[in-house]
Amino acid sequence: MSENIYQGLDALGSKTEAPDSPEKAVLETVNNPRPNSNYMVRFTCPEFTSLCPVTGQPDFAHLVLDYVPDALLVESKSLKLYLQSFRNHAAFHEDCTVGIAERLIAELNPKWLRLGGYWYPRGGIPIDVFFQTGEAPAGVWIPDTGVAPYRGRG
Amino acid sequence: MSENIYQGLDALGSKTEAPDSPEKAVLETVNNPRPNSNYMVRFTCPEFTSLCPVTGQPDFAHLVLDYVPDALLVESKSLKLYLQSFRNHAAFHEDCTVGIAERLIAELNPKWLRLGGYWYPRGGIPIDVFFQTGEAPAGVWIPDTGVAPYRGRG
Amino acid sequence: MSENIYQGLDALGSKTEAPDSPEKAVLETVNNPRPNSNYMVRFTCPEFTSLCPVTGQPDFAHLVLDYVPDALLVESKSLKLYLQSFRNHAAFHEDCTVGIAERLIAELNPKWLRLGGYWYPRGGIPIDVFFQTGEAPAGVWIPDTGVAPYRGRG
Amino acid sequence: MSENIYQGLDALGSKTEAPDSPEKAVLETVNNPRPNSNYMVRFTCPEFTSLCPVTGQPDFAHLVLDYVPDALLVESKSLKLYLQSFRNHAAFHEDCTVGIAERLIAELNPKWLRLGGYWYPRGGIPIDVFFQTGEAPAGVWIPDTGVAPYRGRG
Amino acid sequence: MSENIYQGLDALGSKTEAPDSPEKAVLETVNNPRPNSNYMVRFTCPEFTSLCPVTGQPDFAHLVLDYVPDALLVESKSLKLYLQSFRNHAAFHEDCTVGIAERLIAELNPKWLRLGGYWYPRGGIPIDVFFQTGEAPAGVWIPDTGVAPYRGRG
Amino acid sequence: MSENIYQGLDALGSKTEAPDSPEKAVLETVNNPRPNSNYMVRFTCPEFTSLCPVTGQPDFAHLVLDYVPDALLVESKSLKLYLQSFRNHAAFHEDCTVGIAERLIAELNPKWLRLGGYWYPRGGIPIDVFFQTGEAPAGVWIPDTGVAPYRGRG
Amino acid sequence: MSENIYQGLDALGSKTEAPDSPEKAVLETVNNPRPNSNYMVRFTCPEFTSLCPVTGQPDFAHLVLDYVPDALLVESKSLKLYLQSFRNHAAFHEDCTVGIAERLIAELNPKWLRLGGYWYPRGGIPIDVFFQTGEAPAGVWIPDTGVAPYRGRG
Amino acid sequence: MSENIYQGLDALGSKTEAPDSPEKAVLETVNNPRPNSNYMVRFTCPEFTSLCPVTGQPDFAHLVLDYVPDALLVESKSLKLYLQSFRNHAAFHEDCTVGIAERLIAELNPKWLRLGGYWYPRGGIPIDVFFQTGEAPAGVWIPDTGVAPYRGRG
Amino acid sequence: MSENIYQGLDALGSKTEAPDSPEKAVLETVNNPRPNSNYMVRFTCPEFTSLCPVTGQPDFAHLVLDYVPDALLVESKSLKLYLQSFRNHAAFHEDCTVGIAERLIAELNPKWLRLGGYWYPRGGIPIDVFFQTGEAPAGVWIPDTGVAPYRGRG
Amino acid sequence: MSENIYQGLDALGSKTEAPDSPEKAVLETVNNPRPNSNYMVRFTCPEFTSLCPVTGQPDFAHLVLDYVPDALLVESKSLKLYLQSFRNHAAFHEDCTVGIAERLIAELNPKWLRLGGYWYPRGGIPIDVFFQTGEAPAGVWIPDTGVAPYRGRG
């Protein structure tokens, strides 16, 4: 792999301003350094927060993003800043989770992508949202996320 | 997504009376904000209680509801109130679990739905009931519920 | 569901004598209250004991019974008494486990049934026996039992 | 031990009506069969529910009761009925938990007693209440309850 | 306990604006309903976020608050709003954690208080901060928090 | 250590009849091979069953026996046979657990002994009984038993 | 099942000499007592040790044997003695694991068999070997072994 | 198996210099001692470290290598030295993980191979990379790696 | 707290060269922002590696550092760089662990400090080293580290 | 620390013959490199096997050795060889465990030492032996071993 595929990156290794909203966030990409192999990349993001569109109160989620890259990889620091940009964004759990996935699909054009959103409980009942772009490509290793189920107390 | 799909909701963000029985409970729905995507929504409900039809004593269950929405999402607070309405309702484990699923199917007309009821032990033996509406639609992510098995002591 | 399907039951809610042997145990059934749905019922039975046919010493097992009912459900208290009736019965692990399954099949005529017997170690080596009546019916939810493996010490 | 210490009991082994409120619940006691030994008894009660005094909505808790008997043991079925009697009782978490302990102290006059209430989360934040009657008597074995901490998601 | 000790509360059961900063947040209190008993109250708060004073980026923490009330209890919803008010507040981990504890001490004047802050890793190394107001009062039950240690991967 | 301290044993390495009742069971002892050291011996016995004196139905328990020997060790196979002799013995949980400990004290005259009985749930509520002979001798290592708490479901 | 299928056994219930080498070990079999059912039998063997052929030092493994019997069951005590016979046998992990499986296939002629060898780490890296005789027969229940992965420290 | 298949090995059982870079590392192979069986070999490598190509700082990973050998096995000590040779090598997570797999494929020409890289978090977000050479050969046992998911704190 | 106590720091928020050896590493400190409170700070460092002084091969450890600050806090990024500086440093486990603690004591002059080193296994046996500067100051909260014990396999 | 304290060692880094019996095993020591500090060293040894003196069959144990060195450290490879020398040694669990501790005390003359032996179950009942040389020296960190308790099945 030629390392200069990273030369145009702005976020990585620099102090970068966090964008104010998802719309303003820039997702940077790099060329897939192993384009001849089918492999899956997983980002586990336990530090996600947004706002409830009805009450305005904070919501929290643990996100797991899995994708099979085609020509592009997402640069990890720009992904982090994109996720941080939801800090003042209001959306329901189902909408927010699927919306993040749709944005990543548009940017990366991956062979396959899925996103699991494990939201913290409200009213004693947590909601999880599981999205994917259809059947995984044959012969790719797609491990379970293994996220522990919610159990209440005891 | 237009947020005014939520404008007709009564339960969310308000003080709402709990219904006296499942029959009186109203399940509110909202339009699916991501109707072009197949995704699964999971509600984990560890706070369910009903009554035994023979002894009249309380029963307890941990419920996990999974569904793939079509045109409608269930509004989460009305779901919570519906589940609370079983507090004075008497039914056997198998009947109660499958009956909740059937009501949700009638209200939501989902692409697919399943409901797991993990009941607390009676006579040293817990009963679990696992219902679903047949094979999941192809290409949808349906993670295992991961609920820990009952183990007795030791 | 009409609740009078339970009117003929003897064991439930009464003081009942435990049968002396599996042969004398009566398994009571009730009509499936949700006959139009395919669902699985799980009984987890961590309190099973029988005798070794060679040494006469007690054996212990943790049983997990899964079945998809057709016309009949097994009544849970009569199931409990049936399992208790093995207390003075001598049989090897493989034979005992499969034999319980065969009796339940004969009584319930289920769409599908499986029984896992996780026996306590003898000579440092536990035996597990896993029986089922062939492929599960399509479209039924059959979760893993999730029983923890034996690990020795450490 | 003479077994006739149990002859006056009403609840055990009978069909008993559940009391409507904690005030109406009768806690039965039996004479301590081992009065010359200091030992601790633990009841783990994962099936507790009461009502919120402000919203009227159900609350749930997992209770662990530990006590060192003096002259009296609490009869377990009457304890169960007493705890069930909170089903329609409204009280705050701190008040309810400490109140149960105070009632048990008045009835049993134990050498020592503690009660842990692990309440299900509200607003994303569970409350636990830990009460005891002061230092445990010297030389008594008081194991930790080992209840898993609340962890949110992920 | 007289329930009207709660009559002056503003936050509980109402829609309440979240305060913009910790300084503006109002911590409401109620009279201890069981003032003659020594008991500990635990709030587990897995949804805490603040900002790094150097980089401006979000920090996340899991907080566990334990206290032994004297005359006052903290009202739980106002506690939740107080913790939410750190969302745009910048402070280092050690400073932020101990500062929250000091504020609560000033408001509640408890017999004893401790606060554990389990911060998410930065640079591969998480920081935990453990504060308490000295030795616990004798004879009070102070269970371990049981928070799982950070383990990296594998 | 001279190995002939074991020469008088009957149970070990032989086929031995299980005694019919605790009264008939013989506990064999051997001389402590390390009488100049204070150490603790733990037997973990997950295969214990007795009968309920009121209903006659089987009860199950997981027992953990800890003792600090003085002049005598209990021979392990005779201990196993003694515990098996409760199979047809009827006693309440508290009585049965403390009674086993008292018998062992009488036979072994240990420096210290404790016995934990973790009984399987009845009525949704398991009972644990924790007995010991007072403060452990100074300077002896007495680890926690680490038995997992009962958690119900979920 | 007729119990006299066990009458020719030598090892079970007797004091038996351990064989010196795998070659000398005799694997005894019994007729399958349930020959009309397809079921799987699992032996979990956490007490396996052999020698390294290069260094001569002991190796340790945790073995899990799964098989679907045809006409024959392996007698468990002779299996234990066979595994013990590797105590002074030198072989590499891959060779030893697959060799045990091949011997069992030759003796039992099972419908299907697999053997997992989880070896203790050498050089900080444990080796696991997973063998099976091809696809499992259709409709047989083959649960995962659930052995915990190696994780190093932390 | 003839043990002299190991006679040409240099690394095993000797003091061997660690190579300075992956390019200089020599992967030794041995003939598959069980060439007529399809089986999978797993190496779990929790001690992997390399360098970040942008910041020069150390990265850490937990690697799990699974392969189905054809004619050759990789010798375990040379594998260890190969992995150690990344200590001063700079590469991104995706590139490094897939690159190791590609080198092993070139050396071993296995029937199938996969490699999971579970990297320690950077910026609060760990990356996992999952590579395999397509569908596993039919009838081979390929257990899940069971690596615990990253969970942040709490 | 005045935030300008951080103004002299070099490492935090900058790209900083990693020092070549522990001797060259600079540990930066900041004034304790809460000097009137006794509290404990924990750093969990799962990414530590050094070299074996005899074989030259890499060693790995999981470190947990606990200290009660007096006038100074250690700046976290400089701590990270200090620990990274052992990458090419050779020392035995006991020596290395205690040496790190001694360096930190010299730099920070804390009220109390302890350091646990959990080293990865060599020869099948991991070594843990537990150091502290004597009894903890009275009234400070010192939670257990909770690091999972090494268990081998199974 | 001067590294030449290791110059006289025979076992470390060499191919060394395993001794035939504990009596022939040589425990090598090195001078404590940090003699001015009180610290504890833990060796976890999950690979221990000996023989039963009555039946001649193998026994297995998981050992945890903790000690506070005075002038001497035990060299780890010679410790490993010493433990391996029990492979053909016959002794009862209590005797064997305490005997190992006594030998180490004689060789190392430590400030304090303890040894936990967690033996694999025989007759369904594992024995654990916990030895220590009296109260730990004040101010030394002695963490719990955290070994999981035996639980049988389920």
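By letter and in written order, the chains are A, B, C, D, E, F, G, H, I and J; residue numbering begins at 1 in each of them.
Assume contacts are C-beta pairs under 8 Å (C-beta built on N, C-alpha and C of every residue); 3 or more make two chains touch, one makes a residue touch a chain.
Remember, predicted model here, so these are calculated numbers, not experimental data.
> Comparing the two chain pairs, does A-E have more C-beta contacts than B-F, or is it the other way round?
Here the pair linked by more C-beta pairs in contact is B-F.
> Between D-F, B-D or G-I, which repeats the contact pattern of B-C in over half of its pairs?
D-F
> In whole angstrom, what separates the CA-based centres of chain C and chain E?
A distance of 49 Å separates the two centres.
> If you average the CA atoms of chain G and of chain J, how many Å lie between those two points?
30
> Rounded to a whole Å, what is the gap between the Cα centroids of chain C and chain I?
Distance between chain centres: 54 Å.
> Based only on mean CA positions, could you tell me how far chain A sits from chain D in angstrom?
For chain A versus chain D, the centre distance works out to 45 Å.
> For chain A, write out the residues touching at least two other chains, lowest number first.
13, 15, 46-47, 55, 60, 62, 120-122, 124, 126, 144-145, 147-148, 150-154
> Considering only the defined contacts, which chain G positions touch chain E in the complex?
Against chain E, chain G makes touches at 151-152, 154.
> Can you check the complex and tell me which residues of chain I touch chain H?
Against chain H, chain I makes touches at 15, 17-18, 46-47, 49, 55-58, 60, 84, 87, 120.
> Under the definition above, what is the set of chain E residues touching chain D in their complex?
Listed in rising order, the residues are 1, 3, 6, 12-13, 32-34, 37-47, 62, 64, 69, 73, 76-77, 79-80, 138-148.
> In the complex of these two chains, what residues of chain I are touching chain G?
Those in contact with chain G are residues 46, 60-62, 118-122, 124, 126, 147-148, 150, 152-154.
> Considering the complex alone, what residue numbers of chain J touch chain F?
Contacts found on chain J: 53-55, 91-92, 94-95, 97-99, 101-102, 114, 116, 121-135, 144-145, 147-153.
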